[in-house]
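One chain, subunit A, links the two complexes that follow: it is found with subunit B in the first and with subunit C in the second.
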Partner chain A sequence: MVFLEVEMAWNVVILPEQLDANGLLLHKAIILRLMDDIANRKASKEHGYYVAVTTLNSIGEGKVRELSGDVLFPVTFSCITQKPAKGEILVGTVDKILKQGVFLKSGPISSIFLSEKMMRDYKYVGGENPMFLNDKHAKLEKDTMVRFKVLGLKWLESDREFQILATLAGDFLGSL
Partner chain B sequence: MSGEEEENAAELKIGEGERCLISTFSFAKFLKAKCLMNCEVARILDHKYDQLQQTSDDPTNQISQVFEKSMQYVKRFSRYKNPDAVRQVREVLSRYKLAEFELCVLGNLCPETVEEAIAIVPSIKSKGRMLEDEAIEKMLHDLSLIKKFE
Partner chain C sequence: MAEKGGNGSPLPRGKAAAALKQGSLKGNNSSTMEESTHIEIDSSDSELEGFVEEKVPTSLNANEKSSAEQKSGKKKVSFGSLKSSGKASFDIPTAKGNLGKGGKGFNVGKASGKGNIPEATPIKPLVTEAELKLELELPKGARLLMDCEAAEVLQEIQGHMTVLSDDPKIKMPEPFSKALQYAKINAHYTNVQSVRQVLETLKQNGVTDGEICMIGNIDPETLDEVYALIPSLKTNKHKNEGAIADVLASLANFRTSN
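Moving on, here comes the complex of A and B:
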């Protein structure tokens, strides 16, 4: 999983009561508000998942919003992001096992589906502790680490996250 | 050959997956973004976590789910833990004229054989890269030495 450090721009809204003559307190309020905003935004189609704000690079001139009295500060900051790409090779862990395939999770991405049809020689073995087994006795059960390839992905605007289809077709893919 | 046909022919030369990776890669370049390996992200997030604990009145509120999941992930999947080793990995890999994205994939997955490295990052073997099998082998050997002496 390759993370990116990207510089981006944002507008931070500060309430009138947080405007302090002490520049340092205002600075702190802007940082906290920015981190809050980015955490709530979670992810975007353009940048992928927002993992963490690393540095606040600049704070522009504040503009007062007439009706509420809030002050809007344009800021630029650096953020660590993670955007999955089609064709990328990722490592994840098995989350859930179904007859039709397995659900994996990998870092911030929580819905990755690996269909039984995409698992080459792995076969479903039911029972109390269901798993997938192949003829070389490699196992896929809960919490197994798996190396897989991203076959396709979809951005879900309502959940603000990516949905990924995985495949094991390729060399050096499978359980680790 | 018409322009359109030429374009199709060019597309056929590289595999589907590879083409998409190239697009992420140019996306990173376009945003002037820096690519980071799992072990580097682990160090940054660790530091950030400590900072949050100290500065915020209510630290649990400031830590997002994405942050938490990413932190768990990079800690579990980092091959190198020691800060010096993390620096050395980047240093060693940057000697081989790799693109940022390729560098990170190799540093993350630590392939053991030349075949595995090519399967993971097919572009290192594409035309005009001058990366011979021996060079790739030496690179993997250097990486395994860092791991051994960590």
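Moving on, here comes the complex of A and C:
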């Protein structure tokens, strides 16, 4: 999951009661509202997960909305996002182990599935602490760190998050 | 061949059309290779089999194919019949009779399209996995950050947050803490600016931003590791091998002890 620093444009709506003759307070209101908007948006297909707003670059001229009296300010700002890409190498921790494969977590992404078929020589070992073992006795059990490759990904609009399919096919992949 | 083809018929036709490509490509000899495209078209000419084309409209394909057929004609056909047979026989009883000629191609075309698939499918995933390329789509106005760079910025922000968090109105995005944690775990270097500087030198050797970023993130120790994990670098191996080796040596100096 690469981190991106993205410059974005956004419209911030400020309620009439937050309008203040003092420029600084207005500025603060805009920043707070922007951070709030971004936090609520959580992620987008284009940018990935919104991690933090770093700078507010410009504030345009406010436009009053006639019905509500709100003022709409077009702003540009930079923010840091984290976006998964197909084919990249990621590190995750094992979250759940099933016979069919394991679920991993990595950064903000909580649903990464590594199918048993994609694990090359790892074999399922059941029992109280189920795990996957390979010939070299490398283990995949809960909380193991795994380096994997992104085989495919999917953006879920309704949940506003990505799902990833992982693979261990390739050298230098597997438990760390 | 025809007979085989006939036997083949029971093969499932249904599976993913996409898979076809590989099967067909491999299957057919040089002739197919010429036109990397292949299509599953029921209607048109015969030997389409070889060609894998998903995008091209059928009419075009037909033409291409027909010409192609003429050139490569028989070889392909036979091949196609082997694999594709399932359909061909299925759809058209005459297929066998046709074998020798372009005529069969007709069936073949279809057949290959569908018939190949079942065989091809197991192969394809394996191949693509190993060669899975990095497909990075950067949104407009975006700049790539390596994990260690991101860790630096995010840690600074977190430093501010300890002061600011008294104000309940300030809200951080939910992924912030997880992203920070991720970046910290994956930040392997102490001196971020130098790492960036060292890696930037790779640009002269045709290494893309995405690949540079990956090298910075995976903290490779050997050349083999770099090429195994970032297969796209292999295409220019002769050009970038020396430079990458130098970079790895310099990066080792900045590595954190953990």
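FYI, the second predicted complex is superposed on the first by the 175 of 176 C-alpha atoms of A that agree within 3 Å, B and C clash if a C-alpha of one lies under 4 Å from a C-alpha of the other, contacts with A are read in each partner's own complex, and residues count from 1 in each chain.
As a convention for this text, a residue touches a chain if its C-beta (ideal position, glycine included) is under 8 Å from a C-beta of that chain, and two chains touch if they have at least 3 such contacts.
The structure displayed is predicted, hence computed values, not measured ones.
When both complexes are overlaid on subunit A, subunit B and subunit C end up clashing with each other.
Contact with both subunit B and subunit C is seen for A:E7 once the two complexes are overlaid on the shared chain. In the superposition on chain A, A:D121 makes contact with neither subunit B nor subunit C.
Using the contact criterion defined above for the overlaid structures, shared-chain residue A:D159 touches neither subunit B nor subunit C, since it reaches no partner. When the shared chain is aligned, no partner comes close enough to touch A:D20: not subunit B, not subunit C. Of the two partner chains, both subunit B and subunit C are touched by A:V51.
In the superposed model, A:V91 lies in contact with both subunit B and subunit C. In the superposed pair of complexes, A:A169 makes contact with subunit C only, with no contact to subunit B.
Within subunit A, the residues touching subunit B in one complex and subunit C in the other are 1-7, 32, 35-36, 38-39, 42-43, 49-52, 54, 80-82, 85-89, 91, 106-108, 147, 149, 170-172. Those residues of subunit A that touch subunit B in the complex are listed here as 1-7, 28, 32, 35-36, 38-40, 42-43, 49-52, 54, 80-83, 85-89, 91, 93, 105-108, 110, 147, 149, 170-172.
Subunit B makes touch with subunit A in their complex at residues 15-21, 23-24, 27-28, 31-38, 40-41, 44-45, 48, 55-56, 62-67, 69-70, 73-74, 76-77, 101, 104-105, 108-109, 111, 115-116, 119-120. Per the touch definition, subunit A reaches subunit C in the complex via residues 1-8, 32, 35-36, 38-39, 42-43, 46-47, 49-52, 54, 80-82, 85-89, 91, 106-108, 118, 147, 149-151, 167, 169-173. Listed in rising order, the residues of subunit C touching subunit A in the complex are 126, 129-130, 132-139, 141-147, 149-150, 153-154, 157, 169-176, 178-183, 185-186, 210, 213-214, 217-218, 220, 224-225, 228-230.
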